[in-house]
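In the two complexes that follow, chain A is the common piece, with chain B as its partner first and chain C second.
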Partner chain A sequence: MTERTTEQAPSRSSQDENSAAGSSTIDTVTEPDPARGRSHGSPIQGRGERIFRGLTSGSGLLVVAAVAAIGLFLLVQAVPSLLANNANFFTSPVFDTRDAANLNFGIRDLLVVTLLSSLFALAIAMPISLGIALFLTQYTPKRVSRPFAYIIDLLAAVPSIIYGLWGIAVLAPALLPIATWLSTNLGWFFLFAPGNLPVLTGTIFTGGVVLAVMILPIITAVTREVFSQTPRFHIEAAQALGATRWEVIRMAVLPYGRSGYIAGSMLGLGRALGETIAVLIVIRAATTPSGFSLFDGGYTFASLIASAASEFSQPLPTGAYIAAGLVLFVLTFVVNAIARVVAGGKVNG
Partner chain B sequence: MRYQRRVAAVGLIAASALVLGACGSDENAGGGGVTAVEGVQCGGKPDLRSSGSSAQNNAMTRFVATYQQTCQGQTLNYTPSGSGAGRNEFLGGQTDFAGSDSALKDGDETNRAQQRCASPAWNLPLVFGPVAVAYNVAGVTDLVLDGTTTARIFNGQITTWNDPAIAALNPGKALPAAPIVVNFRSDESGTTENFQKYLVAASNGAYGKEAAQTFNGGVGAGARGSQGVADATKNTPNSITYVEASFAQRGGLAMAQIINAGGGAPVALSPESVGAAINNVQVSGQGNDLKLDLNSLYQASAPGAYPIALATYEIVCSNYADDQTASAVRAFLQTALSPNAQQALPEAGYVPLPDQFKQRLTTAVNAIQ
Partner chain C sequence: MAKRLDLKDVDIYYGDFHAVAGVNLSVAPRSVTSFIGPSGCGKSTVLRTLNRMHEEIPGARVEGEVLLDGEDIYNRSSDAVAVRKTIGMVFQRPNPFPTMSIRDNVVAGLKLSGVRDKKKLDEVCEASLRGANLWKEVSGRLDKPGGGLSGGQQQRLCIARAIAVAPDVLLMDEPCSALDPISTLAIEDLIADLKKEYTIVIVTHNMQQAARVSDQTAFFNLEATGKPGKLVEIDDTEKIFSNPTEQATEDYISGRFG
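Now for the complex of A and B:
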């Protein structure tokens, strides 16, 4: 065992060397190198190797099978309702399933509210997380950064219902002056145009800020981890060229950690897209369709399903909500795929 | 030694937490003020089952506490699963009676109830919860509204507080020129349905929307649950909502006085004023089936009658196949109608039944076989 560890150490750093601005370190630690395993294969080790290999590929397949099974379940449950739907599923802003014989449901507003709130949250959380991660890894000594990082991780442990109550009771009134300023001075811009709610509290704007706080720890944790793995000699090389601390970050740390940062942000976006109870409490329901403003109200996919979950008694109306869930499921894949393209095909999330 | 002391301390804290916790939950069960009721013939099936409306759940909890006190060894298990589920479970024979926000529908549902009971089923309106029109306008504590004006506020035709229609009902009051923010229930609820029925019945067609479990006014911002709309109204200046009176009282919200269909003086919400409206309500059912003509409640014209209340029924068989069940149901409902049980209702947000109406219910309950 000791022998293997000592052998592994140089090989890991040599791999880091090869992937200059590429793969994140998380990947390097968890993914076994098949080539290495084969070259060391004695008969006894070979059996253990096979068993372990079987277990890992089994776990991998299980995840794929589970995702496929979820997709299949959603599809099977949704199809009858989609066939019975009288409204256009993609363009209708109404979601009326009260009468099982006359279903009228569409996802237009759900999609708008879900994407607006999540992307707004991401727009707030990404720069802040980047700042925190750089601060913790590059600007502070270890004994300060450890407790600091711990506090940020603690944010992830707060239950989402608490975020919801805090959002509507504390944050919404506190954000009111900012929201009022934005809507009076930047009202000509569609994002800050007057929304479909008569109030400026409990809007997508408020919900987005709550979501930003919720996804901050995830993005920060991943980014911090990647930045702290920046090879020492990359940094030293930059310093040897006379780089300032900011230039070191720009030349060595950021290129190395870029894909990890994007991967972390995608994890955060995934949480924002699927966040249910906090959104349900914070964002208020509206009576007219959304006009792509941050001051609109409405439901996200997840909050709509949660709000109606207690009424799921008949299969057809239930299927309508499952169809909405299916769209959220697909949306998550699409968002991930887009992120991979943006990151230049080098995301290892 | 020190270790043991620490263990003892932890034990003490845990024990006191349990005791305090128990006190906290006791409140819901009616507290220690529950006393037995005279003149109820106990007996029959020891554990009744019922389910349905969540709007009457808090009243049921109090009734059950009194029932257990009165008839030792007897109890009732009430599940607030929603009115529709409650009626279905009763029709399917899973429960002994149903709690419901609405009476059995004529036709199919009534026929199925007839089959299930092998006798006519009776709708007994046992629990009435007043609905307040609560608002948050700085400096205005005695707002007066009538049916038409309320309807036009909740369908978006009246948009500012100093609208001539509101000003005409409130002479001399400083109404702000601010827009009215309507807070409505975003979840499906019997309160929304009954309030909209009131708006339809009392506005001479001014509401112009359909009464349903979801809000159809097409104006305002939704909030979840009674607590949600009460909180939203409290936190939003110049807003108005409809909510069960207990939530408005607990939230410290002002409640509008309503001019009823009779056009007399404005009526404030109180057990007496709601009782006056209940006393004048018309029964559309036959004999002991006390299905209400709710429009007669919403259009109450007697002086001092407050017209907005949510009526919830117990749906029972007039003649149970099993005599044991019949006597237990009779004993439970007799307990619920007793003064001891009725006087516990106001603190839970309901109104005690006025004597005249209670007499009709008592006659019906005693006739259950």
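Now for the complex of A and C:
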């Protein structure tokens, strides 16, 4: 170490002479004082650097550890119940844990209801969010779009219990005519086939619409943010070619914001998959298995677990619900992974 | 193709701010006119009024006449979108559509005009890329995204895109300021070629460039911050750089200010 610094010292001073001849400002900038660097700056800087790096990587690792711990917890708690299960976990539509000595539980219907309601919600919310985001970023001046955006953000702040109440008390009756029309005219299509409920309210259809309203602000917020960051020079490129407003959107804004839009939608899907209380209130329980119709009732993973939460006293039945939770946990991972693949390496063009 | 451009008493405002005052100038077909002047003097602003790009800034408005072969581009029957289809523009920063292929970039303007015939599009694509001196470099990878080219190539791609629609006038807003000297040379050579077919107006901060590429040079200046920019002098490039009429021009080109 000392040898190197003494070797460097002469070469530095010769450099000093050279640069001093050229420009004095440059050499004061580029030449750190080696003596000062050794005695004060570098050890303190080094220690601070180490502490800071330790803190940041520690926080990073903590997140990974937390996720792994949750997964592990779910797995450990679920395995004994899965081993004691008398029904096929993946294909059985029943979820019966009343008798701890004879567990019969499967996730078929939970998976169907969860996916059906969430994807239906996504199908409604995605185009509307896209429209709102384009409207706010491309068609309105900032003065108007800002308060408008606040209102949409407010939608995200409404507690989900309120959505549940609104869904069952207001929305369900209001949707009844539409549901009736779909059921009578498009009943041949499996999504609108007669379901396992005696009525057309409180179905996956109703729940999906409620979920759509709930995830709308999330998708809109992310999409709006990405669209508003479309580089000016991309937009100008299209404008200078004589593109109309819509053509500018198609040529510059959408390609730039596509991945952000998908990412926002997946965020919304994640929320829909895990939504508990609103779904529990809105979607009625059914006694027969689901038939892939939007007019079915039933439980999602989250609503089933919530509905049974008061009875978690014995470990084996509780483990059955934890197993269901584990599937939901994995499902959200899969959704995220798919989102990443779809958004791909083409993030922001 | 290659029309004449006349500006008569053009005043440009941004809201209450009077940005440029009283510009009168003429640009002959198949010639290169360069706008020079210190930053903030309004030369880019004037350029942007020539294809109504300035209208994208809220509150911007123009008084006076901008005549393209005698026809005012600001008259009521023509809208900005139509004007921009016939007056092409190349920007300071190369801006190909990053996710579009090279081919789609070149023909983007034609597609906007409703041309769908694939054979025609391919022909124009090749002709425009040849016209922009880029064909040899990209002919084997027309399906690759335009964002993958080097800066100089991207700028020539943007020029190809601008000339693909056979514009009446080609506007260039400091087209070389983000490029290295070799790419700059390539663009300057290209401008000399394009001059045979197009009317070109170029804004540049580089006075040597103005001297090299242009037939006539316009010097813009502003008296003080907050005052509107003005066209001080417009004349043959040779005259501006050897024996300008105005003292301010002399001071600027000899490096005494700006």
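Going forward, the second predicted complex is superposed on the first by the 287 of 349 C-alpha atoms of A that agree within 3 Å, B and C clash if a C-alpha of one lies under 4 Å from a C-alpha of the other, contacts with A are read in each partner's own complex, and residues count from 1 in each chain.
Assume a contact is a pair of C-beta atoms (placed from the backbone, for glycine too) under 8 Å apart; a residue touches a chain by one contact, two chains touch by 3 or more.
These numbers were taken from a predicted model, which means no experiment stands behind them.
> With chain A superposed, do chain B and chain C clash or fit?
fit
> Once the structures are superposed on A, label A:Ala285 by its partner contacts, choosing first (chain B), second (chain C), both or neither.
The answer is first: A:Ala285 touches chain B but not chain C.
> When the two structures are overlaid on chain A, which partner does A:Gly187 contact: first (chain B), second (chain C), both, or neither?
So A:Gly187 meets neither chain B nor chain C here.
> Once chain A of both complexes is superposed, is A:Gly46 in touch with chain B (first), chain C (second), both, or neither?
A:Gly46 contacts neither chain B nor chain C.
> Once both complexes sit on top of each other, what is the least C-alpha distance from chain B to chain C, rounded to whole angstrom?
It comes out at 43 Å between the closest C-alpha atoms.
> For chain A, what residues appear in both contact lists, the one with chain B and the one with chain C?
None.
> Within their complex, state which residues of chain C touch chain A.
The contact residues of chain C facing chain A are 51, 53, 56, 58, 81-86, 88-89, 91, 93, 95-100, 108-109, 112-113, 147, 158, 161-162, 165.
> Help me check something: in the complex, which residues belonging to chain A touch chain C?
The contact residues of chain A facing chain C are 141, 233-234, 236-244, 247, 251-252, 255-256, 346, 349.
> Under the touch definition given earlier, write down the residues of chain A that touch chain B in their complex.
Listed in rising order, the residues of chain A that touch chain B are 98, 168-169, 172-173, 197-199, 201-202, 280-281, 284-288, 297, 307, 310-311, 313.
> Can you name the residues of chain B that touch chain A in the complex?
82, 84-85, 179-182, 184, 186-188, 212-215, 217-224, 231-232, 235-236, 239
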